[in-house]
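Presented sequentially are two complexes of chain A, the first with chain B as partner and the second with chain C.
The block that comes next holds the complex of A and B.
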């Protein structure tokens, strides 16, 4: 099994297209970092403008605000929306790409069961997703920490601001990246399932993105009837729950409690739902693939 | 001799289309078995069922005396195959492709063994080149190296000479004969090029519309004493009339490609030639043609290309 996994990873990382995603992430991260390095004050002013009616912020406070942690938060907010496309590029290609190249039929004449083949393919897609996230973490988190330094982190919410102590932030990022890995694996599993039905990789990639976009729109729409009936069941509603790690509890005096998470059960519930989606998508993919006649 | 492949009442339906219809055949150990049929006859579907790429609608397949459905992995370890064209990872080199499929075949092979395999198909010098730079013939040879890398007992080649030039076809033919004679392999070769199969196969089956038309030893399927003579003269129409009025009328078999066809025993050819000279027929060429091609055409086309001239 490990040998087969090594083969899959070898194939993935030998393809030039694999590195498009890594390049795209690096480009976006560097552009944001450069922009905020040279014009961070304007960005912070804009960010605080919504709150300035009820709060007064000193320049010193604003200066502290623009640190590596906040920059990483900004980058994550921007990039995690685009990441599904990058993940789908590889997962959507997993089976459909092999069918398109004609290598699927040769691979399936080898003494490897179809379930084993699918497990290895999916595991390789997950490893690729993790590699992307680690790359992103290295650039967005550690890169920003080096360029901008660290300080207390402030998160803006509709009801106000939350301030986390410097020492209380890094673990939250690790948790958020871990959560993002599960969220992106859900997209990967969806794309993988669609890949089984297609004989070229464009179809599953476009279909995955279409589903993610439509579901995201539905998740974001403020229509009361959808709040109870549709939104809780859309995986996209739960993909953004990584932000929960940055929402902290406060004591009676309004001081944030270090190491706390405002609504951990909600975050864990969302995580559970995503895991259920992954199992559902993957097992459906295996079930369909095992019955499929290979005609390409 | 033991059977390596035994197919019993195999049927495959694609919705309303019966691609393979109650097909049964056996391939004995150490044979080259020709699997013949026109395009769309059901050859590739059958081969895909032998390789578990397609599930049969009904029927049984046994390879090496084991049920394919129950012992898939065990059986496929002993099978090497090319299905239609050898599509490979174009962005990888020949050596990388070979190594990758060797691992998938469950065998541990050294770099030297891989290079020996490439050497056998004449690709050792291009081992480090990416497959996208290969010609069709080179890809075909690499496909064969991949099919053989785990030293299988049974080799299944679906249209192995497709897209090859005459030299490439000859190379593949020689390789097939070498595998049979020197390595004792069993080979199932599908083709629509009967002249190719005729040269290499011990036994053969001809299928059409998914059904078996005929199966047997190549030598026995065709009586070598019966021959078709293609007669080309300066005036075919006049010759046609002359022959109709002569005792040679009994040999008249039809017309094809501006030739008159005579069907006769090989020993009768000299006397027929003498008779033609006596009848003052100006013969341009007289070609004795006897191959499975005629047999195949007559079976699968229902003699459509032969106008029977006898009254």
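The block that comes next holds the complex of A and C.
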């Protein structure tokens, strides 16, 4: 199985299109970093316009606010919506691509069960997803820390502001990236499932993106009828729970409690729901694949 | 007999005594408002500049912030700067009013109204009305501890930024009119950002339904000073 996994990884990383995703991430990260390096103060003015009536924002304050931690948060906010497309590019191609090239039947002549074959394919997709995430973390977090330095982190929510001490941020990012890995694996599993039904990789990729887009819109809409009926069950509602690591507890006087998470049980519940989705998507994919008549 | 003869004289003395003491007390009170202000001002004027270390706690309904280590710089006549050298702090507008000298920058520009004493605290209440119609400050009310010539509370109403309130506790630096602890209260405006910008994570917990929660509430900033360095010179570059 390990040999098969190595072959799958070789196939993924041999293809030039695999690196499109890495290039796209690097381009987005650098563009955001350059923009904020040279015109970050205008961005802070925009963010803080709501507060400018009550607080003074000196240039020094704006400079400190625009530190590596905030920049990384901005990048993650932007990229984690686009990342599913990049993940689907590989996992959507996983089975459908083989079928399209006519190599699926040949691959299954190897002395491995269909379940093992699916496990290897999915494991390769997960490794690709993790590699993409590590690449993003390296550029967005460590790159921004080098370019902008570090300071206290301020997170803007729709109804409040969270501020964390400098020393209390990095572990949150590690936790958030760990969570994002699970979130993106969910998308990968969905795309992998859809890949089983198709003999052309474009279909699963577009279908995955369509589902993610529609679900994300539903997750972000504030319509009471959806809030309790649909939203809690959409995996996209739980994909943004990585932000929960940046929501802190405070005492009665609004003083941040270092090292705290506002609602850890909710974040863990979201994580559990995503894991259930992954199991559901993957086991469905295996079940369908085992029953499938492989003709190509 | 003798007692009867002296009685009218005693009575006259008594009446004159009461009259004189009344006159004296009235004149004393009329002078005291200005005299008291002058005493307070004289105490504050001993300080040309200072820098102080302190811990700043921000208490605003929509902000969760850690306690910050700050440095406060002051230089005559009204330069004040609060620096969080190790991090970020949200500094409220009008925070320069934590420097009490700011109230008296131009004493001749005020009408002084003596309100008397606050019953509970026995503090002397004096109102300062700016003569200049274009002044942003509409009214300042100071609550003074007469014995120590120290301002314990101050309220300043402005045209643009609502009302600021100050409460001071004094300790080692009372001789300079410098507080060990200052609580600065100020008006906060509405805070709300669209969810389409913030992409908040909704953890499913029921938030308290209170539409006024984030509207026009009072915010507080508390600074507890640990050390002052007084009249040792502060560079102008600090205030830029």
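Descriptive notes on the structure:
Everything below uses one rule, namely that the second predicted complex is superposed on the first by the 289 of 296 C-alpha atoms of A that agree within 3 Å, B and C clash if a C-alpha of one lies under 4 Å from a C-alpha of the other, contacts with A are read in each partner's own complex, and residues count from 1 in each chain.
Keep this in mind: a residue touches a chain if its C-beta (ideal position, glycine included) is under 8 Å from a C-beta of that chain, and two chains touch if they have at least 3 such contacts.
Bear in mind that the values here come from a model prediction, so they are computed numbers and not experimental data.
After superposition on chain A, the partners chain B and chain C are accommodated together without colliding. In the superposition on chain A, A:103 makes contact with chain B only, not with chain C. By the touch criterion defined above, A:77 lies against chain C but remains apart from chain B after alignment on the C-alpha atoms of chain A.
Touch counts on chain A: comparing chain C and chain B, the chain ahead is C.
Of the two partner chains placed by superposition, A:45 touches none, neither chain B nor chain C. Between chain B and chain C, the minimal CA-CA distance in the chain A superposition rounds to 41 Å.
No residue of chain A lies in contact with both chain B in one complex and chain C in the other.
Here chain A touches chain C in the complex through residues 50-51, 53-56, 58, 61, 64-65, 77, 81, 151-152, 154, 156-166, 220, 222, 231-232, 237, 240-244, 247-248, 250, 253-256, 258, 262-263, 266-267, 269-270, going by the rule given at the top. Across the interface of their complex, chain A is touched by residues 57-67, 86-88, 90-93, 95, 186-205, 207, 214, 219 of chain C. Residues of chain B that touch chain A in their complex: 48, 51-55, 72-74, 76-77, 79, 81-83, 85-92, 96, 100-101, 103-106, 146.
Those residues of chain A lying in contact with chain B across their complex are 3-4, 7, 10-11, 14-16, 101-103, 105-113, 291, 293-295.
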